[in-house]
Structures are given as structure tokens and as C-alpha cells.
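As written, the chains take the letters A, B and C, and residue 1 is the first residue of each chain.
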């Protein structure tokens, strides 16, 4: 329990540190947001007035404290290019990206476990080799190209969905989830291939362990040994991968959103980077960082729950 | 049989990577046509004897752009690996060898950066520095420092108490000499495989950023931006998507197979 | 008829180009309640023979000739289902490495009760728990209620081996195969485990096939001894006879390598 509390504290500290770094990075870069907003033709008076309005003339430390306290209250200040709060700009988009990432995580798990088990049960024969080859190829497909191929095959040729016909979750949840399946698949496939090869190797390693023989000696069937003993043990090395996979999926969704015209965090992050709309960029980076850190924390806790050998000694 | 399978993977990897990389190398010196010359009359024209892969939506020769795009991808990939690996190796070597407070602090920073997806990190840096090839190399290079630092640090911690290091120390070798002359050569084997994997990740990240329009600046060709252009014509000219995509896959798959065998 | 009857057992491996025979013409009989020792150096084929008897050799990559009749069942030719109904029920095994032979992610209670769960499905979980705790206290595990919910890594080596024995004894088998059960343990704990095996034998009339390269342990525990060398049984007889009048040079060498310590063999 203490170990988990420590992890939570460390995660919170990390989020704060990342926020600081992000703020500092965006404050010291050359370029004047006021000029960016009004254009180089603007009069000095107008620029000055805008700077005061945007709070740019305040000392750095004060601006930082204001910004950070805003974040703690859940207020990410105001966008430069749209005259509205960052909150209202991104609030609706967070669930889109989050659902996309979660969706692909689920698809990854649903695909990878049976395939790895199947391959491990056919170790040494054609099926295993075929799986290995397909795996290696899928791992080499960049997710956005995978996305394009999926829209080509499933969208345009098989007409299973219409690329670009995104439906908001607030309008029709069913249609939203149906549309999101293919982007999530594109995001999940390369990670699923990695998970399959990890889990497969792990299962093959576990098969050689002594406890497997013990389980057989008690009269377990092959299936019983496999599902009651081996699978759980084999999943442990894969859990660490899960943390990385979630982080990559959140980041990857930014790219996939672009392929499937999904208005999530990725879309607005890109336009904001191009417009140098720093408050929005900062907010999204901090949010994504927090999501990544939190998912790593969850994975860590899960690891402790599943493997009794981890972290019990410090309790 | 195992040995034979190994060689097959290695040969296959070299062939696949070769198919992708040789046109890129040729592209450094020569392309059939200018990569930026537009000819509206050739817009989206089908492959023929003069334009082997046809022309794109601006009437530019796709083969030429493919060669140039692979070249840029290759250069940025190598540059990123060089940048990230040299700094990462330094950081890993010093922290691993000396340990202590610097190690703790740097490794914590490293862990945070490592858990952060590299493409996102690169996006942050690109938005700070602006687009451009050099900026891209620096941004991606920084994003990949942690992965090298980790590997090298682990190797240094493993090696620093080994007998041969002790012997060198007793013989009066300085710390720097031990780090660079004695231990570093022993990390090469592990480093080579992470360099190959790092190259692949850099290629993926570059293609991703260019696809998003914040990588290589148009009109310069890059595999990522070619894919992004081609996506608009997915229905009318699916082949436009296939060429750069397959080029990317060949390069990544080839290098992955090679790295698998080197491990 | 004896409980276990092994005749002309030959085991041949096929995982190399030339088949390799590892056990030749192995004969063994064990009566109900008897403790038989199987000794030999590592690689002499003693564990291989024992695993064949327990039905734990994989059916790929090797051929087994001869016959193994256990409790009226032909172990080499019966169906897998039949084999499984014997394994863990009338025939149990205790392995050498108690750490790696226990599943690291399953609680002790589950592992001790597993064969009961598989072979006596009519016993309710509550009853099973009660019986598991009882078996655990019979093998001298302190605080069995507490141990029930613990994991293997939280136990010492000796405790783990007791857990293995408890698991093997959970539904009182007719034959217990103990494959080097003490090799991984400290000397004092070795003696305790040997005492425990003697106790089990006396109390439940369970036959034991005890495999070891440690002759002093075999001498203090077993009624009869078989000596194996390079896949063949080179000598067999009552413990007294083999130890006092070894016929083979090899056996003499093995015996002379025992450290000269007074062994309490009143039980033999």
C-alpha cells in the first residue's frame, strides 16, 4: 500500500515538473504572440495594448504561478488565435482521443492474446512461422499508412464505412463507435503484432518451467495447465509493454485522427502548432502528459496486483 | 536449421532494405526529373515509359519524388540516430560509470522522457523550433536520447565492476580512459541493435511528422508528405499511396530483420 | 500383485539425428507400503525412469518400450484421460526444486488443494479448504491457516518442500514419487523431510519411490535399493544387502564416497 502511495505521489510530482518544463519551454522561445495574432503590420500601440491584455508584460514567475494555479483549478487560460478559453476549445475533444486510445487498447488485447496462444500451441509448425512473418510485416507498417490502407480496403473497396463521415459521440454514440472501430484498428494493429511476439516468447519460456510439470503431475489437462497456470505467468512481462503501448496509442491517435478526419485533440494540436497558439499547445501537451503518466501509474498498480512478488517487501 | 534460418532473415533484410535504400542513395546525385518541376498537363497521369510510376497531383514525376523522399528520410534517420546516439551514449556512459546524484537526477528526467511517446516529444520541439530539416533532426534526436542513454547506462553498470576494468584501474588508467577505451567498445554490440531500432523509430517519426505537415517542408519531397498528398486521391489513384508506403515498409522491415539477427 | 510393475522399460530420444537411448531394460516392482530407493549419479537415467512411471515424459521426440503397470493400469498405452485421472490421485510426485516447482502466482492453499479440486470435484470449496489446512498441519507446517493465503516466494526452501509434499499427499496417493526432494535443501532440513516421508509411509501405507544421489539418505529411508549407471540397473536388493555386501565395483565406489558419519538406520 505504501509503495502504491509513493507511486501516486511520484506521478503527481512528475506531472507538475512536466507542466513547469512545458511552460518554461514555451516562454523562452523567440517570437511574440501579440505579433503573431495581429500580424507584423500592426501599430506598436495596438501590440502593447494586446500584450497587457494577454498578460505578457508580467514577470515570468508571476505568469507561471497564474498559469499553474489555473491548471490546478482546471482552467487552461485563453487561446491566442480563437478568442475563447482553451477549456471550451478542447473539452469536447478529450473524450474523442481518449476513447480512440482505449478502443485500440481493447482491440490490441482482444487480438493479441488468442493469436499468441494459438501460435504457441503450434510452436514449430507452419502456423507458428506464418504468424511470425505476418507479425513482422505488420510491425513495420507505419500506423498512418495502415490507416490509409484500411480506408482503402474496408472503406472504399468493401464499403464497410465511409472514410471522413465522422459522427460525434454526443449525436449518435453507436455510429460514433462504429466509425471509430477502423481508426482504432489501424492504431492497434502494429502494437498487437508487438504484443503477440512478446506474449508468444513469454509463453514459450513459461512452458519450460518446472511448475508446468508439477501442474501436469496433479492431473491437469493441457488446457487446464495453460489457462490456470501458464497464461497468467506469461502475461507478466507483457504488462510493462502495456504501459508503453498506451502512451504510444495516445500519441498515435494524433496522427490517426488526421487520416480519418476525426476532430480530436490531435487535429487542434496541429492547427495550434501551425498558428503558434501556445496556450492551446501547452494545455494539450500537459493533458496528454498527464494521461500518459496516469496510465503508467495504473499499469504499475496492476502489475503489483497481479504479481505478488513485486513490492510486497516494502510493506 | 536454426543457423540457416538466421541467415535467411539477414539476407532477406539486406535485400529489402537494399531495395528501399539504393534508390535513395542514387537520389542524392541524380533523379530522372526535377522533384519540384510541375507540369499541369501531366497531372495524375498514369505510368508510361517516360514516367515509370506516373505523375502526382501537381504533375511531378513520382519516381523522382520517391527517390528524393527516400533520400530525405534516410538522411534524417541517420542524422537523428547520430545526434541522439552520441549524446545518449555520453549521458549513459557518465551516469552509469559515476552513479550518484547526477545519475539519479538525469535518470529521473530520462524516465519521464522515455515514458513520453517520442513523436509527441518531437512535436513539442518542432513547435518550439519551427519546421525545417535541421530542426527536425535535432527535435527527433533529443526525443531519442533517452532510449540510447538507458541501454548504455545499463551496460556500463554491468561492466564497471568486471575484472578487466579493475585490472585497468590497477594499471593506473584514468576514469576517462576506462570509460572510452575500455568499457565503451564493449557496449558496441548492444548499441548496434538499438541503433538499428532507433533508426526505424526515427524513420517512422519523421514520416509521421511530415504526414502531419510539420516535418519536412513542402515542396521538398518526403515519404510522409507524399502519403499525405496521395490520401486526397485515394479513390482515383490508389497507387500514389502505395509507392511511398511500400518504400517505408521495405526500409523498416529490412532494417528490423537485420537488427533481429544481429541481436 | 504388486502396486507398480515395470518391465523392460527402454527410453529412446529422437531429438537428434541419431536416436539416443537413455534407459535400458529397466525393471522395477514396488509393493504397497514399500519404500524403494533409486540411486545413481546425475545422468544415470534415474529421473528419466521415474518421470516415465509418473507419465510425465512428453509423447513427442521419444519412444518408450516395455511396460509400466501401475495399480492395474498400463501407463504407457492408456488414454490421456485415464492417465490424468491417475496423476495427482493415486500417484503423486514431489520434485527437486521446490521454488521453481510451485507456480509463483498461485496461493499455497490453491496449489495444495489443486489435485483435490481436480479429482474430488464433489468436495465443496469450504471442505476442501478445511482438508487442505489439515494436510498442511500434518506435514508440520506451522500456522497453516496463515500459509493458506501466502505465495511461494514468501516461504523458506524447507517450507516450500513441505508444501510440495502436502500437495502430493492431499488425497493420499498409493504411490509417491520423490525425485531428489532434498537436494536443494540444507542438511538439517533434509533430515526433517526424510522423517516426514517415513511418517507418511507408516501412517498411510503409501509406497514411495525415492530418487537420490545421496546414499546416506537412501540408507536411512529405504527398504530396497536399485543402483543405476548409464541408463541400466546395475545392482538391486535390500538396503542392508546392497550397503553391506555391494556386488558391483560401481556401487562400492558410490558407498565409499559417503562421508563417514554414524547413520541411525534402526528404521531400515
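Assume a contact is a pair of C-beta atoms (placed from the backbone, for glycine too) under 8 Å apart; a residue touches a chain by one contact, two chains touch by 3 or more.
Computed from a prediction, not measured in an experiment: that's the story for all the values here.
Relative to chain A, the most remote chain by averaged C-alpha coordinates is C.
The innermost chain, defined by the distance from its C-alpha mean to the mean of all protein C-alpha atoms, is A.
Put simply, the C-alpha centre of chain B and that of chain C have 57 angstrom between them. Chain A and chain C, compared by their mean Cα positions, are separated by 51 Å.
Computed centre separation for the pair chain A/chain B is 22 angstrom, with centres defined by C-alpha atoms. Note for the complex: chain B touches chain A at residues 112, 115-117, 119-120, 123-124, 126-129, 200, 204, 207-208, 211-214, 227, 230-231, 234-235, 238, 241, 245, 248-249, 252-253, 256-257. Residues 14, 17-18, 22, 25-26, 29, 136-137, 139-145, 148-149, 151-152, 156, 163, 243-244, 247-248, 250-252, 254-255, 258-259, 269-270, 273-274, 276, 281, 285, 288-289, 292-293, 296 of chain A touch chain B in their complex.
Listed in rising order, the residues of chain A touching chain C in the complex are 209-211, 213-221, 224, 229, 232-233, 236, 306-309, 312.
On the side of chain C, the complex with chain A involves touching residues 54, 56, 84-89, 92-93, 95, 97, 100-106, 114-115, 118-119, 151, 153-154, 164, 167.
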